[in-house]
Amino acid sequence: MKHLNVAMIGSGFMGKAHALAYANMPVHFYPAPAIPVRKVVVDVSPELAKAAAERLGFEESSTDWREVVNRPDIDIVDICTPNDSHAEIAAEAAWAGKHIICEKPLARNASEAKTMLEAVTAAGVTHAVGFNYRYTPAIRMAKKLLDAGRIGKVLSFRGHYMQDWSADPNTPSSWRFSKATAGSGALGDIGTHVVDTARYLLGDIEAVSSVLATHVTERPASSSAFDQLASGDRSGSGAKVPVDVDDAVYSLLRFSSGAIGTLEATRNARGRHNYLGFEIQGADGTIVFDYERLGELQVMFANDRDDVQGFRTVQAGPFQPYGDKFWPIAGMGTGYLDVKTIECYEFIKAVTEGRQAAPSFEDGYKVELVADAIQTSASTGQWADV
Amino acid sequence: MKHLNVAMIGSGFMGKAHALAYANMPVHFYPAPAIPVRKVVVDVSPELAKAAAERLGFEESSTDWREVVNRPDIDIVDICTPNDSHAEIAAEAAWAGKHIICEKPLARNASEAKTMLEAVTAAGVTHAVGFNYRYTPAIRMAKKLLDAGRIGKVLSFRGHYMQDWSADPNTPSSWRFSKATAGSGALGDIGTHVVDTARYLLGDIEAVSSVLATHVTERPASSSAFDQLASGDRSGSGAKVPVDVDDAVYSLLRFSSGAIGTLEATRNARGRHNYLGFEIQGADGTIVFDYERLGELQVMFANDRDDVQGFRTVQAGPFQPYGDKFWPIAGMGTGYLDVKTIECYEFIKAVTEGRQAAPSFEDGYKVELVADAIQTSASTGQWADV
Amino acid sequence: MKHLNVAMIGSGFMGKAHALAYANMPVHFYPAPAIPVRKVVVDVSPELAKAAAERLGFEESSTDWREVVNRPDIDIVDICTPNDSHAEIAAEAAWAGKHIICEKPLARNASEAKTMLEAVTAAGVTHAVGFNYRYTPAIRMAKKLLDAGRIGKVLSFRGHYMQDWSADPNTPSSWRFSKATAGSGALGDIGTHVVDTARYLLGDIEAVSSVLATHVTERPASSSAFDQLASGDRSGSGAKVPVDVDDAVYSLLRFSSGAIGTLEATRNARGRHNYLGFEIQGADGTIVFDYERLGELQVMFANDRDDVQGFRTVQAGPFQPYGDKFWPIAGMGTGYLDVKTIECYEFIKAVTEGRQAAPSFEDGYKVELVADAIQTSASTGQWADV
Amino acid sequence: MKHLNVAMIGSGFMGKAHALAYANMPVHFYPAPAIPVRKVVVDVSPELAKAAAERLGFEESSTDWREVVNRPDIDIVDICTPNDSHAEIAAEAAWAGKHIICEKPLARNASEAKTMLEAVTAAGVTHAVGFNYRYTPAIRMAKKLLDAGRIGKVLSFRGHYMQDWSADPNTPSSWRFSKATAGSGALGDIGTHVVDTARYLLGDIEAVSSVLATHVTERPASSSAFDQLASGDRSGSGAKVPVDVDDAVYSLLRFSSGAIGTLEATRNARGRHNYLGFEIQGADGTIVFDYERLGELQVMFANDRDDVQGFRTVQAGPFQPYGDKFWPIAGMGTGYLDVKTIECYEFIKAVTEGRQAAPSFEDGYKVELVADAIQTSASTGQWADV
């Protein structure tokens, strides 16, 4: 069986998720299109890199991503670093002819994303951007229903992604609160997942009218080199640093198809932890999804008998997309790792078949175009074309 | 005990709701501030009016609203007619010195609403507009929590009202699909309920950015003089008539308080029947309401212990507003009629105490200002100030 | 239109519900089979009776139920008193030739219920027992689906009725905690509703294996003549009185049809307010109901396509039983009063048509047979035949 | 770091789950107490065993479990075979001094389980039985709340485990439908999970009153050597074979603590896929869990303020047991594999620390005592002591 050597750059929370996905994919998807080999992991210090290799099952560790990316035995470069380094690493990896999977958002803005797309296109490698949620089996099921016309012409899309880990003003700062590193705040971090989901399910977005808000304008500096997210640390090192990105974004969307949409994303929604979801209303039915109950899809068909019409709660299982690859009974529990494992499978399959993955850097770039338009609209107070 | 004679103009679905509310209010709210007496009901033909009197428990019937409104024995005029007649009837009633409760929306537009407000203000009568949903006990509970600061500074409001009775293109037309009669479509019919709820809970809206959509541009003419709503008639008389109002409205909202909001209203949302609701995110908690489960309020407090934080499903009952007036146990079932009964109580109480009701014509006018701004924004593609 | 004069004995919480049902029924069910006239209300003191007449809209009041029951102008006797007086009042009313509706449970035990059934049978009057919940539109819908074979052969029934108003050991005592007055505790008060629902939907119960529990063995004496239920009074008059009835009942059920069931009823279930519900599993589908969301029925059909199978949340509305009598749109809110209004309609209709109501005293008696068997089983530790 | 060599006997659905748990555990639980090494996998044919080794990441494969179990380099024997071989394999492994984890139910009956317990006790090895669901973070959270007295004295337990994969009479037979191989049907397969959960949370069960039912008395023979579960095969090889085990079990439970319980388990509940759950009512609160939404726990505290009391939906995350070992944000998705990974961690930790795991063979034996009592009660129609 074909093996593909992976170099992973960055070993934080996302690195862990990717490492486990590489390990689990060939077990669930058997026989796998190819076996990903955890060859080398890169982090900023030798200690961190070595610990990551041990923990995450990589054969080697390094602090020199550039050297690693250029190693002839590496087939795949997996970019799990903060947003500001994506472009440079991707360019180098493309130049070296490596296939690339890059965590989302692809870049800090569309212009940066464009250079990345150009690099991978010129290199002719397979590229993917880590908008993993579109691989959730229930979302795949939604796509299947839409493609089959089961809810008719799509009229509207209500998308949201709400978290609360930064709602507390004492949650420490991190690279996610810095425009220089992250590009934007909730918009880039989680709003782009909504944009990707919307594009995946309904197609391109043409124009937006948007508002951005920053509810907490300064935060304690972090006492940790790591992204703390919802760790419960609420004081950091004490000193205050300014926040120059958005906490929340609200937008109207106009799709090329004529459908209308709304997008709401915030990291300050008390009680919403990973509340990514949507409601798609069609002429003949409605589909509703909420990632906090990721094993379920709500579907309503207008051609059901009048007296027993209602939203059906469909549980992900053997009869839905990818369901036969996991557990033999519905309702056993789809986890985050399963979603990342499917993402891994689709990327490795694309690499093996010598074709583009989806979502690709092109998708990542188009998402950035929407994100840029949202920022433009928010600052001009006008609709902005994408 | 004081009695107040009511003349009700219009005896359709809303007339029935009001009549029952007059009958039930003094039983639930005992002793009532005054007893409303169902004196005379007016409709367009003697047959309809007579049948309404018999069915709805009015002592007399008439087809001449103007004469009735001017009768010296009438204390209250209750306007349950289509939107295009509100202004004329209200003006006459005000001139005659009657207290007025007028179904929503107050008028077809802000200018018409303004004349009505001027008339009742000049007459010094008590006036109310029938945005009944704000009387839902769970919404009153939300207000109480907001006023007590239980969720801290309010950051955002997501409001929606979705129905599906007109989703089928063969649902017959009615006055609700005509700009001349209704003023607007989903916007005026149900979107205004969201606006009223938003204003009730968060205060004034300053500016909007909006889109309107008409999904079904012509419908079969109705074969009935009555509003069929979700009766299941899907062919009407056969002939097609054009629709010149919106089926759906989507809007961003900017509140005077600085909070940001979204509003979505549509009568074409398959599977959503009376899906009025909101999510209010505050710095210290979140409140969620869905009228399709009107007996429940979801509340989340950020100061709950970390390990047992979560949305609480609070059932309306004796410990919430008005709860002690209905049934002695929570979860027995709050119905639409109960909401209308509370509305009736608050109006009669205001009349008895010689003060303004809430929502008053002033509220109704301010809602129309928002609705006008939404239409302006939708046509200009710009934010519109209210 | 035919009028029927009602004498109501007892004016507590149930009296209020019945009075409103008499008032509202002819408005919802138009034209009504007959108009119930609130003629006279009886309570224990002249003051209470007079206040009840004023509040509940009765023409007259009295303290002498025996005299009232024998008045020639009375057509219907409505018994809303505590359980220990049902038998005597019903016997007198039957002897006087009155139609009777008696609140549930019919009696304190089967033997007492039997004398009541014999009295009304001998008198040839129409009789009904107030197991009102079976009139809930969603339960009617369940019955319709079962009768149409939509879920195939019924395999099992899980029924429960859980409340929490007496969970606090300081909730004062009342007649509901006394065997002499009530016959039994949670079993008679709410467990019998489950038995009635089970019999309505699945037919007769043949045998039971049961446990009873009394969690709170003494309570403060009440400081009020009235049933406080969930009023929040948690101290009463201070003095403690013993409790000699059950707080909770658990039972296995064997139906004549071969189906197996479970019954759980308790008034000490924290957080459960009026949690009456069931799950009925059939060979081809499942139906689930929870009264705390009384406007919804959950139904699952095994012949739905594998990939979109799931529980449908069907909202009560115009397309379900009685739906066209209330509001023109689903999801507007079914309340407790609506359920009582339907009960009133069915009883008045039966009286008008000169036939038996359902549930009748015979049903009430059969429920008592099951309740007696449950007590027998609980004390012998053996299965008991009904 | 310490390594422990694992020999896994059986490579079906459970083998896959265990293999992934061995791989993932040291990544989530870092540093792990020891690293489990997938040394050798055993299955019935060389082809199956070899394929399993390749797929599941074992170094070697074999068809001779006895030889493997006796290899000196093996530290742990993991038994994933059908129930009828558990005892023999466990005895051999104990004799060889290996630590043992055995899938549930431990045996076909209590007598068989007893011999197993005696064998491991004599050998002084660490032993565990695979009632994995008690490791679900939400169930651990429930335990924590119970132990802290957060809901006061426990009054009752309602437990259920419902599936529907065998509801269709054409679902093929397998070893799960044979008393000789499985011991019992739904009782042993899934009912025992409820018993384990009940014992874990409330302590020992003293007596039961039970009913068993077999709804489908013959099924098509399977055309596969494998357990098909919910694969959708509905015809098998065509020939019919008898079913001699139960499809469903219903039982009353009496706990040593005085609490009362109910247990319902069936594999024929249409629409219920992996519906394991419970409701625990205490004097001061209630806890509700449903595995089909395994990332959530419902908790209600009676000492919350009256007006905002209600069930809290707590999402598993960093603040609940094991939450810090998985993902940094609540609501990201707990999957079945995560539960198995926690089970693996606790077993490896116990082995490393030279102490007993929980649940141990003793727990497995006590569960069998309850299962035996349920069968006794079902056949005698009497309560049976455990």
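First chain written, first letter: the chains are A, B, C and D, and each begins at residue 1.
Note that a residue touches a chain if its C-beta (ideal position, glycine included) is under 8 Å from a C-beta of that chain, and two chains touch if they have at least 3 such contacts.
Computed from a predicted structure; not experimentally measured.
Listed by label, the chains touching subunit B and subunit C alike are A, D. By number of C-beta pairs in contact, A-D leads when A-D and B-D are compared.
Chain centres computed from CA atoms place C at the largest separation from subunit A. Per-chain CA centroids place subunit C at a distance of 41 Å from subunit D.
The mean-CA centres of subunit A and subunit D are about 34 angstrom from one another, to the nearest whole unit.
Separating the CA-averaged centres of subunit B and subunit D is a span of 54 Å. Within subunit B, residues 232, 272, 306, 309-311, 315, 319 each touch two or more of the remaining chains. Residues of subunit B touching subunit A in their complex: 151, 155-156, 158, 164, 167-168, 209-211, 213, 215, 232, 248, 250-252, 254, 260-262, 264, 266, 268-272, 281-286, 300, 302, 306, 309-311, 381-383.
By the touch criterion stated above, subunit B contacts subunit D in their complex at residues 141, 144-145, 150, 299, 301, 304, 306-315, 319-320. In the complex of the two chains, the subunit A residues touching subunit D come out as 13, 16-17, 19-20, 23-24, 26-27, 30-31, 55-57, 163, 165, 227-232, 272-275, 291-295, 315, 317-319, 324, 326-339.
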